């Protein structure tokens, strides 16, 4: 007769030999994202360093997807922590300059890069933890939502949310699906319609982030959470993750070209172009 | 490089010119619902005044759908607040006399009117706020659930819920879908099976209503919430709402005739007729 | 004009005549489960008595399904309470010896019995209450999740959860569907990936169990909850339950053979066999 004791923990993985000296880190830095892989723990850190606000330009997104793919294909890497090297901001979301006064070809390429980022991150086989150390609106929020776990700095000045509606635009259906999976239908419906940016404590209460910690302890906590997730055997965890996320991932895969067409037709409207230009103008004035 | 500031608020809509004198209200009152539109704010108030309990008769439902359609087609109207002019009751739900001892034709017409009310309200392009100032069982609860936001008077004597099971009847699948979207699967499953009527504090805890306020502040709060929702650009908000609710709306549209047939076959059963007659008898005795 | 009073309670069912002497209990005991039906209340008790840990062997599962079917077909029985006669454990889940070193035929028969247990329990027309008086990992947790209501002893040493991932295996999709229906997507995703066993207070906070009570009051509370559910007319409650659960039940019915094939192909892998053998070895050492 067999019992499953409640305290069972699997043996440590061969990638985490206890008591061994730390293996040297492999790091590769590109223009906009710094990646450091600690082979002793199997954990990579991706630090967004694209000041002033880590906006998701075509270049940033491309670099992100390539970096993530490299880590995904590296058997020494089992988990990734996403965070920002820019003070007070995690990522400001999609770069509006990429959507303003550009060609159809450019819009297509840009939107495909946004889709690619999400497909790779939401579908990653690695453990993904977001260490949200600053505000994270729109596309920045999507990146956090796409991780397995979200820890946020306990600072009420930092906010997070899918605030597209405030700019007069609509979050794509796969942003919405990802959001509903995290906070449920009622909260998602209200938050998306209001384009709410939730201060950290409110975001925690809504379940949009899983945990709040003092800013100075954020990275330490992210490492501890990652270690907890990596204590599980990879294969079963990965299959479980796929089972949970496949329906939502498949929906974009099945409608990818249609989603690009929708984006282009939307962003090409004169009214939208005008509203985006006004918005950029307002931001410039604010800065000066 | 573009930032999305967390305090961005869109410019006030032309429908809400600050400092202008209030435009005169347009009001139209029919038999059972009083409608007042304040063109300065773009907000209409629909007050149910069908004593003793605002039950949803064929006449009430028809008037409701026509009034809502008028507002929907009026470009000066952007939001609607639903409330009751009858003390202690928001709406008692479907009028049982419409289901008792009537012809097939009558049942068909009645049920189509119930569907119509929900399709128009749940799918409304306007911002819809329920100011629940009394008890709200069954169909009354459905009306509240179909709004964008629910505020309830903080009175534990007022209760709300889909209590159909207590009467020996089953809430239709689209009542259930609307309920699940608001409170999630587990709560919906239990509450529907028990036919629970939740006192206001419990309803708030379950998420069935979004906010409780003292009764005397209910209308003031409803207006404030409405102003917050109307601060968003209409178009993006409407598209977002459609994205969130379309699947559930489409399901009834696709099965509308089948749903009518189900209702008729159910309500025509002698056992159901008998149980409804007994129920009405009990209510009459209570009153006297 | 008709009102639905908030205090309406249906008349007591003829199966619960107040003031009548208790009818004699019918009980039938097999090897592994003791069943007692109190015909006066219409409530059956199923007590798992398969020491040391009530693991779900082929024999246990077969006995469970047969017993449940008997009750289902007995018009005197309207509700079932599941509990354990073994101290400290509700059920330890699937019996690993059934998955180790056996023939394809055996694996097929075993998995079909697991499916059968769930299809009958999750789809039961009776009111089902789990009185969880001990730890309940994996398949034991599934049994509790498949009931209408879960009450757990308020003992932080008792834990509950779908911890398959900790053993390097993946919970089947219908375990997952049942779990998501109870705790929602975010909690399910994290808990399944981590293979979490939640101590009773945490399980309550997550909604995995509906209520905690001191261990000595567990059965009394289960009886009270059952009486509350049985106060509802059976027919409407049953149709409501079917409406809520049908989609998830149908999914397994439609993919039953495929699900068996998946299980066999998984469990036949040498790596899985090895890991299960190691696990059993570890448990044996622990005991001695």
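Order of writing sets the labels: A, B and C. Residues in every chain begin at 1.
Throughout what follows, a residue touches a chain if its C-beta (ideal position, glycine included) is under 8 Å from a C-beta of that chain, and two chains touch if they have at least 3 such contacts.
As the structure is a computational prediction, the values presented were derived from the model and not from experiment.
Taken as a contact graph, with one node per protein chain and an edge wherever two chains touch, the assembly is complete, since every chain touches every other chain.
Interface of subunit A with subunit C: the two copies contact each other largely through different residue positions, with under half of all numbers used appearing on both sides.
Chain centres here are Cα means. That of subunit A falls 37 Å from that of subunit C. In subunit B, the residues that reach two or more other chains under the touch definition are 184. Taken in their complex, subunit B has these residues touching subunit C: 50-53, 55, 89, 92-93, 95-97, 135, 137-138, 159, 163-171, 173, 176, 184-186, 188-190, 192-195, 197, 280, 283, 286. Contacts from subunit B toward subunit A in the complex involve residues 1-6, 8-10, 148-149, 180-184, 207, 210, 228-229, 232-233, 235-237, 239-241, 243-245.
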